[in-house]
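Here come two complexes built around subunit A, the first alongside subunit B, the second alongside subunit C.
Now for the complex of A and B:
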């Protein structure tokens, strides 16, 4: 599995799947900057981490990319390209550019009143123009694709009948039903237990390898980045302060803030316990 | 000497016509001035254990002894209500949003520590200093504080009652990693100064390692492993091993190794039982909350 990844590394640099250039976002009421001149790239088959603490602007970057900035927040600068094609206008990167997004609280992102199979089928019908019957079958197959053992049975479940990890698998199945080129995963495992987190991250890596889609993984957890990402971007108060291959950044961080984050993450590992 | 002794604790929720055993025969002891870390995943029963000890819900069966005398958690009053305090995961939800920090802290000082208004007000500065917050913050409301400051206020509120035991239920889970370390340091410092005992409920193994004297690992309402810190360094039970192996470290090669060694279906490989379709053992996370049903 892992052997395929370095090979992708040599080809991926020439054609970025997604390029964000000079993204600027401000709070409308005060004009306070939320993001300043943020540029990053995601290549096909690449998992790119976007890291920072609360308030660093990492979620705003993913919302701006999806074109779902919340009310009261405005994009003031920035250019988006997909496969070299300009999609700065939000309307150009809606359905056709095939971006999908998964969130921190999968249960909150699902419709509580609708069976999960129907929710996935609706997406499949919309994005792939499938008939009802085709879309139903697609939903079951997507559920099995994310390793839910009995897809038929799971498709009939409502979100409240599923555990948090299962809900996140459903969200990923729904994302896959868009046949995404880019998956934005915003703290996808933060609300999950560590054992479930490991499985969901492994699933994301596996699907990236199989489908060749790019992933922008937004997280505050450097451990998650270390284990899954190819490259890493560090945001600090709306500025991109460091980016580079994960191995290099973790081994030899260049920016002071990255060093601080790494020290914080390792801080507890170094204590000897209370005893 | 044991400050708290819990024996044969059971807690059963009736949910959709069947029973869920959130706690299924749990025994723990907490020594004076020591920290018992309770680790486990959602639905393991760790929060239920903490909230029973803090008197927030009754056990279905079992005995609790506090400082040598039987503790009737159904009606905690007098000294026990003061001597056992609790700090929750989300300070913003556990602090009264309309109270200034001052009122949040004077309330337990007056109700539990029996101080009059003037004495209580004088103690507020001391409490803020104890949790390393500037005295000016006494006039702020929770919404005007950072997450780390809010959690310090929540800790100060627990200290206001001058407790012997504090139940800490995921006190660092909603915080940034840099803040997490500082809260852990503060808790250890307060323990050393005041001889406090902690029940430290956490899913974060690094936090448990940094705080614990004793560790219990819970799964499905039962304690599957217990001991000193060696439980986290050399786990014996398969579940503890699975739990520890899943914690992401700072080593990029570790993830690749895990995936390379995992069986084709990672969900089947990591879970001793098939992934449940219905996870009923999740009273905390479920929107259908059995706690509220019973109370």
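Now for the complex of A and C:
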């Protein structure tokens, strides 16, 4: 199933772009652990899946990686390295390490009062040191790069004038304006129509191949993982319970929870087929 | 935007019509005979009946309403029984004093409420947040009458920092040449800085009395709106991409929070307009609220009716302005639904 993307297999182990080691996150109020000892790696050009049920800590892992843990949640252990260099104490990993992120609800993730072109341009100016005019041109060209037909027109639109799928394309264009080395995609298709889901995923895969950036794809959908990911990490109640190449994990899951996930996914598929 | 504006304008107009009807009906439904009240306890039934006929009170209610509306269209709001002067003159000549006071109160409410609300939101759960919230509870639960008395006692009687409650200017100071009727503004326009200073000092305590209560409402709304934007998706996006914190605060969060805060400001204006009856009385402020208070005492229904109408129209007009500002800030309102 993952045979569509064999290229990354050869490069990935040599230079981990991002390595998370022993990440621990707790809720400050109760001291309850949210993540315990989560470690994973992403190589350039590689798409790494992070799956688990809701509440398993998938999103917290991505927030911690971006350095945007919400209020009341604190990182207590673990380090982040980029190209082998420790960036745990770097405040702004987006700018310094060229990390970008797209979210589950694309429209909510955009400022409703700003034209989408301005929102992308401001990120381009920030990350690439562009002038206002350059950044605006960059925004239009990034919008066209994510296959929005009339970039000029789309740049002038406000988020409420765009569909959910278009908003996610805008978010991807914003990510591209960082010239990202790592893209964290947190449930990027969950809130979208089924028909749009596949197109957004195709776009992510296409841009990964073009730019050579690494992708951490957070999802609860094993079907998505099977189609797009090279490697897979399974998170269960804040613990990383299984990790390995997608083919191997899906064919021979070692952990009970992974087996359970697979079974429920298969059941769903069966009922879909029968209907 | 034009369609939105026309719609808001139409709604405002309908509201004004409703206001006129309600004010008219409430005054008619109230127990008591306006003619009897005007003539006093000595009057004979014949006198009362004669006056009723002259005032049109013996006519059916829709005829009275027709007369009333016809008068309004000509700018005639009836005659104030207590003074014998036209209601419109009585009220409109005092409108600038009321506007000056309400504007002062609004200014204080915004200058206090906004920074404190933002401070409380950014320091949520800490001591300064608790202090700001305590201020909000005190400010919103203290009656203007009581607060005004405290301020007069503390800042005039004890500390002597501000002039006593004797109106817009100290006794003996001539008012500035009237251009707008707002003493502070007229003083500035005519270069009469002494009047500016004196009238600002006289304005301080009544405006503070009105403004402190209103600032509590602004504070609470700014705080909760800013907290809501803290967890919003667009804030998360901006933070994730390393947008500087000050830009996230001013450009993303505050502008979005403004949408809710504007609603609070509309309500605060209502409070400022309604609260002025007591405050103007307390500070001998020669505004509309002051004569409305006197009209209550002298059973002058025509004057009260006119007061309710004018305050209502001002309130509707200001809320139309608030709607306008909504449209300016929010493209979802300005542009309507999907265009692309």
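Throughout what follows, the second predicted complex is superposed on the first by the 260 of 275 C-alpha atoms of A that agree within 3 Å, B and C clash if a C-alpha of one lies under 4 Å from a C-alpha of the other, contacts with A are read in each partner's own complex, and residues count from 1 in each chain.
The rule is short, and it goes like this: a contact is a pair of C-beta atoms (placed from the backbone, for glycine too) under 8 Å apart; a residue touches a chain by one contact, two chains touch by 3 or more.
Computed from a predicted model, the values in this text were never measured in an experiment.
Residue contacts after overlaying the shared chain place A:113 against subunit C, while subunit B stays out of touching range.
In the superposed model, A:88 lies in contact with neither subunit B nor subunit C.
In the overlay built on the shared chain, the residue A:224 is in contact with subunit B alone; subunit C does not reach it. When the two complexes are overlaid on their common chain A, residue A:123 makes contact with subunit C while staying clear of subunit B. A count of residues in subunit A touched by subunit B and by subunit C gives the higher number to B.
In the superposition on chain A, contact is made by A:54 with subunit B only, not with subunit C. Within the superposed three-chain model, A:261 lies in touch with subunit B and out of touch with subunit C [touch as defined at top].
Once the two complexes are laid over each other on the shared chain, residue contacts for A:131 go to neither subunit B nor subunit C. In the superposition on chain A, subunit A positions 112, 153-154, 157, 160-163, 166 are in contact with subunit B in one complex as well as with subunit C in the other. The touching residues of subunit A, when paired with subunit B in their complex, are 1-2, 53-54, 107, 112, 147-150, 153-154, 157, 160-166, 193-199, 201-203, 205-206, 220-224, 226-228, 246-247, 250, 260-262, 264-269, 271, 273-275.
Across the complex, subunit C meets subunit A through its residues 124, 230-234, 236-243, 251-252, 255-256, 329-332, 335, 337-340.
Those residues of subunit A that touch subunit C in the shared complex are 66, 68, 70-71, 92, 94-95, 100-101, 103, 105, 108-114, 122-123, 126-127, 153-154, 157-158, 160-163, 166, 171, 174, 178. Looking at the complex, you find that subunit B touches subunit A at residues 34-35, 41-42, 147, 176-178, 180-181, 184, 188, 191, 203, 205-207, 209-213, 228-229, 242-243, 245-252, 254-256, 258-260, 262, 265-268, 270-271, 274-279, 282, 285-288.
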